[in-house]
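Here chain A shows up in two complexes: once beside chain B, once beside chain C.
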Partner chain A sequence: MSEQRINRMKDLPSTHLLGTGTPMCSGCGGLEALHQIYDVLGEKTVFVNAAGCMTLLSVYPFTPFRGSWLYTAMASAPAGAQGVRDALDILQQRGDMGPQEDLDVVVLTGDGSAYGMGLSATSAAMDRGLDFIYICYDNEGYGNTGQQSSSATPHAAITSTSGGSRGYPGYKKDLFSIWAAHRPAYVATVIGSEPLDLARKIEKARELKGSRMIIALAPCPTGWAYDPKDSVEIGRLAVKTGVWPLKEYIDGQLVHTRIPRERAPVEEYLRLQGRFAHLFTPATNTAMIAEIQARVDRYWDEVV
Partner chain B sequence: MYRIRIHGRGGQGIKMASRVLGSALFHAGFNVQDAPKYGAERRGAPIFSYVRAARAPINERGTIYNPDLVVVADDTLLAVPAAGTLLGLDAHTVVLVNSHQSADTWRQRLNIDGSLLILPAGTETEDRAALPHIGATCAGAAACLLGVIDRDVLAKAIDEELAELGPDTVTKNRTNALAAFDAMADQRGCVEEGAAIAATDYVPPEWVEMPLDAARVSAPIIRASGNSVEVRTGLWRTIRPVIDYDHCKHCWWVCSTLCPDSAITVTDNTPIIDYDHCKGCMVCAGVCPPHAIAGEPEYLAQQRETSLTEREGTDATDTADR
Partner chain C sequence: MPPTLLTGNAAAAWGARLAEVDYVPAFPITPQTEIIETLGGWLDGGLMPGRMVTLESEHSMLTAAGAAAATGVRVFSATSSQGLLYAMEMLYTVAGWRAPFVLVNVSRGLSAPITLEADHNDILAARDSGFLQLHCADCQEVLDSVLLAYRLAEDPQIRLPVLVNLDGFYLSFTREPVSLPEVEEVRKFLPPFDPMGIRFTASAPESQAVAVLGGGPYSYFRYETHLAALNGVAVYEQVAAEFTTLFGRNREAVESYRTDDAEVVFYMIGSFATKAREAVDRLREAGEKVGLLRPRLLRPFPASLIATALTGKQGVIVIDQNLSVGHGGILHTELLACLYGRPGAPPVVTSFIGGLGGRDISPQEFYHMVTVTRQAISSGTVPPPRLLYTAAELREVRKLQAIATVEREETAPGRKAADDTGAVQETADE
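Our next item is the complex of A and B:
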């Protein structure tokens, strides 16, 4: 394993690999995370993309990637990654490709695929110990089709399939724990608004072998109904309020990489987002806000 | 058959405008089709929706290439070729532009023979992507120009289509739409139904016969890397972030790292915004530690640049395209 080189903000790259001109929404939190991730992973990567918002990254004849990109159906990106990994291995065994030419296989999916449709294929890939990196950009709903609720949607959020005064009745699935239960090489949560934490985790993942699983919370101006300029602010609040814990699972251990010493009230995070506006107008729904706060508090009580 | 195309930017309520107009025509006894263009219609990006209405069943499908009425909700789009606002105009087409400029100005600029009308724009908003209720306003004006929709039918269509957005929003939109309807009273009914288009009259273009290629050649494989830079997403921008280099601390990573679109590069410790691709999300302005990035309405920035280049007598660059 090579020495880590990103230790402080100034170590982050100042030029960017991911091309501009993508059709992602203005202020996309997923694209923000992806371009930072790509800067660390580098050009020697093959992306395997399940259907979702980021399918639009590479629409013929344009691509922002420096290398290859493969499009799969929604549930089968890890299976696509297996095929690409096998092909690379075979080419190397046959001597058609030198070890220096080897590529990292990177799966890129949204939460609809990662938390739901593609979970079975992902589980199987981890069971087989597939050597790949999985990046989920989690905008907590089926964003590309108009933000229908997914199993990553948080409790009480309004989506196009959960309206009314109470919003989404379910609870966000704990995908981190589900993935970690498979005991893969690495699991981590990241967010684009915390670039140093993100870069260090991606660097760590890059140096490991086996299944390396990353979930990036992706603030989504379109789906979460807020002004695009607030993408970073909302991301930072997700961490400060403890709603999005930054953590990693490595060598069988769970480590929180950022423990907010004094957590801001979840209200600060919720208030900026139109999908939670029903909690504040016409009257403040203190009971619902308290319920959301209590769940965050319970999580951290168990951690620290 | 009436064929109406409505152009605007993602976020201005253009899809809603076509729904309101569609519903109103339906209530007026027409068969109706209304649809937005499906695709990457993101906030600020040029988009359009369209409506067909006829007394007889409608067999046409797809985009309208020969409109009777074209409504342009945001006049900055007229200078954007990719927006296709002027596609398929002929002498009978009525063009309605929401603008502060006069009809003569636009007729001259666009070299249009047909009828061009102005829907006087309200007070200018900083961010054109958030032009308040402009979709309903355009639908109201268009309804009047068609001449077959009564005022109360328009109001009913708005009430129905916007009901889920709450009574306040409905009221505001209805007020704006009816005001626009009334403002067009002199031109009521100026739009004429276009002739039916029959497949029997279809003249195929002159084909160039191409031999079938092998899949390796003909499949949609992208052979260049990073060529998305050819796509000028700067067209989406309604607010322009401008760096005040006197206050920039040259910290170099903050705006550049957090820009979702990789549109800020750092050269010699100095961040430079790539306006060909910056979508104007303004994340950079919010995160800049010394607050050295401020927003300027894009239309003002373009006006400033245009007058600057004219004064200098230099070639007017393609700023209008941005």
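Our next item is the complex of A and C:
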């Protein structure tokens, strides 16, 4: 593995490779992360996409990508990556393609696909040690179909299929651990509001071989019901409150890349989002907020 | 080389080996598994170059197959029944990518009830997907069809994936003499894969399978696919003629067996057509002017070839080894649509459902179908579709039901069994 080149904010690439004018919502936290990721990965890539909001990035005849793109289906983007990777290897082995023509194969899916429908295809890709990068932008619901709850939806969040005064009754699935249990080359969480941490992890992933798995928490003004201008703030609060731990799994080791010493109360994060408004109006639901806080505290108690 | 005894599955594997495929995404399912095991053995033993990868489902298998073809290598894969249906979303998808490759389907009836034996509901469920379809009647044809399928798939006027169908058990596990062409001969017929426009490389970035907005572009691309598929009839005929020149075997899009002076013609696909051929010979000996018409190419549908072959016939007997539940036989429906309004179209087309779940069709039943059709011709009244089913079979099912009833009475006394609402009538004497 080569030396890490991105060490400070001023080392961040300022290329802005990904084109603008896409149909993503303004303030889309997934797109924010993708811009940064693409700047690090570059155009020698083929993005293999599953059904979700980002499918609309490439609408005939336009694409914001300077490199390649293949849309597959909701369940099987990692299998598409397998086919592309194997074919690129075969062409090179046969001498029909020079190594300078090679591409990094990058899967791009939402949480609905990553945590649910595509999990079996992802698991199998890791079993086979597929040499690829997986980017999951996690907006905690089926965004493209109107933000129904997925298995990435956090407890108590209102979605189009979990309304009422209690919100989503389930708990966000721990995909990071599920992925790490496969012992792939690399697993990391990132968020667009922490660009240095994100770029360092993507750079690390790029330099490794094997399955490199990234989950980007993707604040989603449309699905989470907040003002688009607050996306960065909400992202920062997700980290400051400890709701979104920034971590990586590498060489069998779990490392937290940012440990918030003084964690802000989760309330600060929840209060900004319409999907949690029922926790504050008409009356503050202290019990449920306390429960959410307790889960976050328990997580960090085990870390430190 | 003298013919070798091969199962239909081994013949399919030989087709892939002789086509010098680069990539085989795989997933096991009876009765197809022997195909991928055979290829796996050859790949592991260094007897053929290429790479095989076992996916975790047929849905993924088809995704990987399409993606690899879209990256520029020659791809082969195989499945059956539940597997084909599990992959259904991707059949439509990769056809829309215009990714040329070959998928062998070993036909097997669909669940429920679950069975391992053959019928054509699986392959016919894929008929609207954009995959072209070749249907085989014997093991030699399986090998030949795989080679023909690559020529079709990769033709610049087509560029679509192709399904080659063989019947589970009847062909998959039956050994027949198959002559294996020399690889040099095959190379003359099938040159290396030319990916043409579709590839992913660093110097020529490509966006494939992107979304469209609105019905305008969607209709355009879907219909383009349709037009490309339709080119398949002429391309197939030309490719099959080349095949005959090189290998001496006739592989016409539609097999006509003793149809020239026939008054009544059997119309069917698949391995049971070999039983029909036999019945035609027996009936001819008895003075009956009958014949057999069997499409090898079912997609694109060679409508004018079929209509021409049937012009002036008195009657057609359609045997459907499938059932469109709530409607009837799929081949029957398609044939009627093809014949309607054509001058000289046969006035009588009878419909029989036979061979579901691998159920055999006996010579007596073939004779009986001719009798029924002759009666319809003379009376001018076409009988409703019928299931080929004997009194003995009905009796066997009744026995099973009796056992089930007794068992239930003993284990859960007083619980009522659901009444049998179907009215299955036997069609022939045993």
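The rule is simple: the second predicted complex is superposed on the first by the 304 of 304 C-alpha atoms of A that agree within 3 Å, B and C clash if a C-alpha of one lies under 4 Å from a C-alpha of the other, contacts with A are read in each partner's own complex, and residues count from 1 in each chain.
FYI, a residue touches a chain if its C-beta (ideal position, glycine included) is under 8 Å from a C-beta of that chain, and two chains touch if they have at least 3 such contacts.
Everything numeric in this text was worked out from a predicted model, so none of it was measured.
S.K.: After the chain A overlay, clash or fit between chain B and chain C?
M.R.: Fit.
S.K.: After superposition on the shared chain, which partner residues are touched by A:Val266: those of chain B (first), chain C (second), both, or neither?
M.R.: In the superposition, A:Val266 contacts neither chain B nor chain C.
S.K.: Mind working out whether A:Arg66 is in touch with chain B, chain C, both or neither, as first, second, both or neither?
M.R.: both
S.K.: Regarding the shared-chain residue A:Ala185, is it in contact with chain B (first), chain C (second), both, or neither?
M.R.: Neither chain B nor chain C is touched by A:Ala185.
S.K.: A:Gly29 in the overlay: touching chain B, chain C, both, or neither? Say first, second, both or neither.
M.R.: After superposing on A, A:Gly29 lies in contact with chain B but is clear of chain C.
S.K.: After lining up the shared chain so the two structures overlap, which partner does A:Cys136 touch, if you call chain B first and chain C second: first, second, both or neither?
M.R.: neither
S.K.: Looking at A:Asp230 after the superposition, I want to know if it touches chain B, chain C, both of them or none. Which is it: first, second, both, neither?
M.R.: After superposing on A, A:Asp230 lies in contact with chain B but is clear of chain C.
S.K.: Please work out whether A:Ser58 is in contact with chain B alone, chain C alone, both, or neither, and reply first, second, both or neither.
M.R.: In the superposition, A:Ser58 touches chain B and chain C alike.
S.K.: Quick check for you: in the superposed arrangement, does A:Gly19 touch first (chain B), second (chain C), both or neither?
M.R.: After superposing on A, A:Gly19 lies in contact with chain B but is clear of chain C.
S.K.: So, A:Glu101: does it touch chain B (first), chain C (second), both, or neither?
M.R.: second
S.K.: Between chain B and chain C, once the two complexes are placed on the common chain, what is the minimum CA to CA distance in Å?
M.R.: 5
S.K.: Same chain A residues contacting chain B and chain C, which ones?
M.R.: 56, 58-60, 63, 65-67, 69
S.K.: Touching chain C in the complex: which residues of chain A?
M.R.: 43-44, 46, 48, 55-56, 58-60, 63, 65-73, 75-84, 86-91, 94, 96-97, 100-103, 120-121, 123-124, 127-128
S.K.: In their shared complex, at which residues does chain C touch chain A?
M.R.: 22-23, 25, 50-51, 53, 55-57, 59-61, 63-73, 89-90, 93, 200-203, 205-213, 217
S.K.: Which residues of chain A touch chain B in the complex?
M.R.: 9-10, 12, 14-29, 31-32, 35-36, 56-67, 69, 192-193, 195, 221-222, 227-233
S.K.: Could you pull out which chain B residues touch chain A in their complex?
M.R.: 40, 42-45, 220, 222, 224-233, 236-237, 252-253, 256-263, 265-266, 274, 276-277, 279-283, 285-287
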